[in-house]
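Here's the structure we're looking at; comments come further down.
Chains: A, B, C, D, E and F, in written order; residue numbering restarts at 1 for each.
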Amino acid sequence: MKLSVLVNEGPYTHQASDSAYLFTKAALEKGHEIFRVFFYHDGVYNGTRLMVPPQDDRHIQKRWSELAEKHKLDLVVCIAAAQRRGLLDENEAKRQGKDANNIAPGFRISGLGQLIEAGIQAERLVAFGD
Amino acid sequence: MKLSVLVNEGPYTHQASDSAYLFTKAALEKGHEIFRVFFYHDGVYNGTRLMVPPQDDRHIQKRWSELAEKHKLDLVVCIAAAQRRGLLDENEAKRQGKDANNIAPGFRISGLGQLIEAGIQAERLVAFGD
Amino acid sequence: MSEEMQGGIIKKFLYVNRRAPYGTIYALESLEVVLISAAFEQDVSLAFIDDGVYEIVKGQDTKASEMKNFSPTYRALEGYDIEKLYVEKESLAERGLTEADLLVPVKVLSRGEMADLMESNDVVLSF
Amino acid sequence: MSEEMQGGIIKKFLYVNRRAPYGTIYALESLEVVLISAAFEQDVSLAFIDDGVYEIVKGQDTKASEMKNFSPTYRALEGYDIEKLYVEKESLAERGLTEADLLVPVKVLSRGEMADLMESNDVVLSF
Amino acid sequence: MSLLHTINKSPFERNSFDSCVAHAKKGSSILLIEDGVYAATQGTAAARKLEGIMKDVKVYALQPDVNTRGMQSKMLDGVNLVDYGGFVDLVTQHNAVQAWL
Amino acid sequence: MSLLHTINKSPFERNSFDSCVAHAKKGSSILLIEDGVYAATQGTAAARKLEGIMKDVKVYALQPDVNTRGMQSKMLDGVNLVDYGGFVDLVTQHNAVQAWL
């Protein structure tokens, strides 16, 4: 079946991101297709490559990036939510006159329409949040 | 009176950061001393210079930075909470082998001891969070 | 962003609003999703239950909190052809509110009717 | 980080733990603050009320959730001279728990005694 | 139509459990995840509410989250434990998922 | 010793209001901020609880947060409205602040 996943909270602070990751991984292992993982609200923070968690803890960004690479996942960060919170890619940084960007490999920034599309095109949309 | 303020949530997502800012400003206007503002948990995200809120909304990071400059405020971001969440200054970025940093002017990164010190040295510690 | 781009699929989207505005950003950012889904020409309904009913209370004035007053946007929904707004009777009553306190026309449903509504949609999003 | 650096001031710090572990990070990061305040030789007490009592329940096993199991740290508090752990009786009872379910020795207080404790500290932090 | 309701918050801390139970219709299912699993632990008011609806609504709890919280031996009879694969199956077996965030 | 309790959550959504009220001692004060101000609105169960403790505990609400939520005309009698300056004064007038986060 074709599924989409919505992640509404950032890494570590809420378990939502962990739950979404483990759900996505399990769905892929069962042979389902993940149409898209959409990151909204504080969920955008999952996509920063600047995080440095303690050595004995999971690395939430890397885990998503690796899963995306392995399964050609579409990880989309909402642009409006990302701008407000300081998550930028190279283009956005340039456009906004910022001297740095922080997006991680495997994530892309796009509009909220991508969430609606995820709801339309997938047979189920599963949300994780606070 | 000497006061300290603790901010436990990030900008925009929770009102905590707004409440802390308006409280701090009112305390300064009343002639009180702010010993320190400490940013913990998702509060560290207040200190990213990469945020670009909509034009018709408040700019939470700039507001803090300007208040800090005007009143020589000590805005301290917890290092452990910041690393986990991807908030780095130039030194930390270098030390962690990261190619970018995102801390805003007026904020500094330091240890949790600075929170305890804020509790010891100030006559009141006021916390804002989720 | 027309329906043709989505292969002509029109789904029933239900947005369940359960949180007070301002204390958290969910109500504001949820409204942004609602507006976008209208642009996709989907069949959109909004349900206000629990603290979500506070989102559409009249007289919100954010001057002193310096926050963005997004409540006028609910009035603008009609212009986007979003006209199915449902409010739960029990949620209003528990909060000492009546329909007269609300800033937009809504249809008031009982809890049982609200439960029926939730079952009759393709995509249910709660923020 | 000795007490001399703080001008010899010793304050009574109370950490009020009201949240379940894992669903949010507050319990874990709060524990980091507790450990640091011991290094500052402050007078530290921990109160567990409401869902905070779940933080010190035995048998936490995070293998399948891949999260970090930080519950053993509560057992290590004694080594930092943090020995004043208070648990509210009513909070345990509502959750179907007893003292035997807990992984550290605690003093069980009634709600009234817990209220007294809250009033007798210089700095109260709740995460 | 049948809905899968997910609840991820403690029934003591938030009202999402009570609100979900009040809206879950006969034939729908409830999956407790994260801090939501506490609702299905013995000796709580939430567990009594679950017992009251179990004839109409199937109740599941996510085993990894139960174990993480040390609640393995406390689970209410009649609550079905699933792993993440079981979570995925529940999603595909119901017509839509409503997360009580 | 007198404590200033702050509550920032809706009494319908979370248990922080109920827990605070159950722990607030005679002579202490409660300041409602953010979504906490809904607790002091007329016709709610929370307002009835506040009325029950008002002889022992002073109750305040932050006016900017009341106005933000459009609750100006709904406030319970006996609740003292303060602005941010008043919030600061309450902090200095009590021996410590306990935020019910």
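General observations
Rule of thumb we're sticking to: a residue touches a chain if its C-beta (ideal position, glycine included) is under 8 Å from a C-beta of that chain, and two chains touch if they have at least 3 such contacts.
Just so it is clear, the structure is predicted and the values come from calculations on it, not from any experiment.
Note on connectivity: the fewest chain-to-chain touch steps from subunit B to subunit E number 2. Taken over every residue number at the interface, the positions common to subunit A and subunit B amount to over half, indicating a same-residue contact.
Rounded to whole angstrom units, the spacing between the C-alpha centres of subunit D and subunit E is 28. Subunit A and subunit D have Cα centroids separated by 33 Å.
In whole angstrom, the spacing between the mean C-alpha positions of subunit B and subunit D is 25. Residue positions of subunit B touching 2 or more other chains, listed in rising order: 8, 12-13, 15, 22, 41, 54, 57, 80, 125, 127, 129.
For subunit F, the set of residues that touch two or more other chains comprises 8, 12-13, 15, 34-35, 64-65, 83, 96-97, 99, 101. Shared contact sites, meaning residues of subunit C that touch two or more other chains, fall at 22-26, 50, 65, 67, 123, 126-127.
Applying the touch criterion to all chain pairs gives A-B, A-C, A-D, A-E, B-C, B-D, B-F, C-E, C-F, D-E, D-F, E-F.
Contacts from subunit F toward subunit D in the complex involve residues 1-3, 15-16, 19, 22-25, 28, 95-101. Every residue of subunit C that touches subunit F in the complex is listed here, in rising order: 19-24, 50-51, 54, 57-65, 67, 69, 71, 94-97.
Residues of subunit C that touch subunit B in their complex: 22-25, 65-68. On the side of subunit B, the complex with subunit A involves touching residues 10-13, 41-42, 45, 48-54, 57, 61, 80, 83-88, 93, 96, 98, 100-102.
On subunit A, the positions that touch subunit D within their shared complex are 12-15, 18, 22, 54, 56-58.
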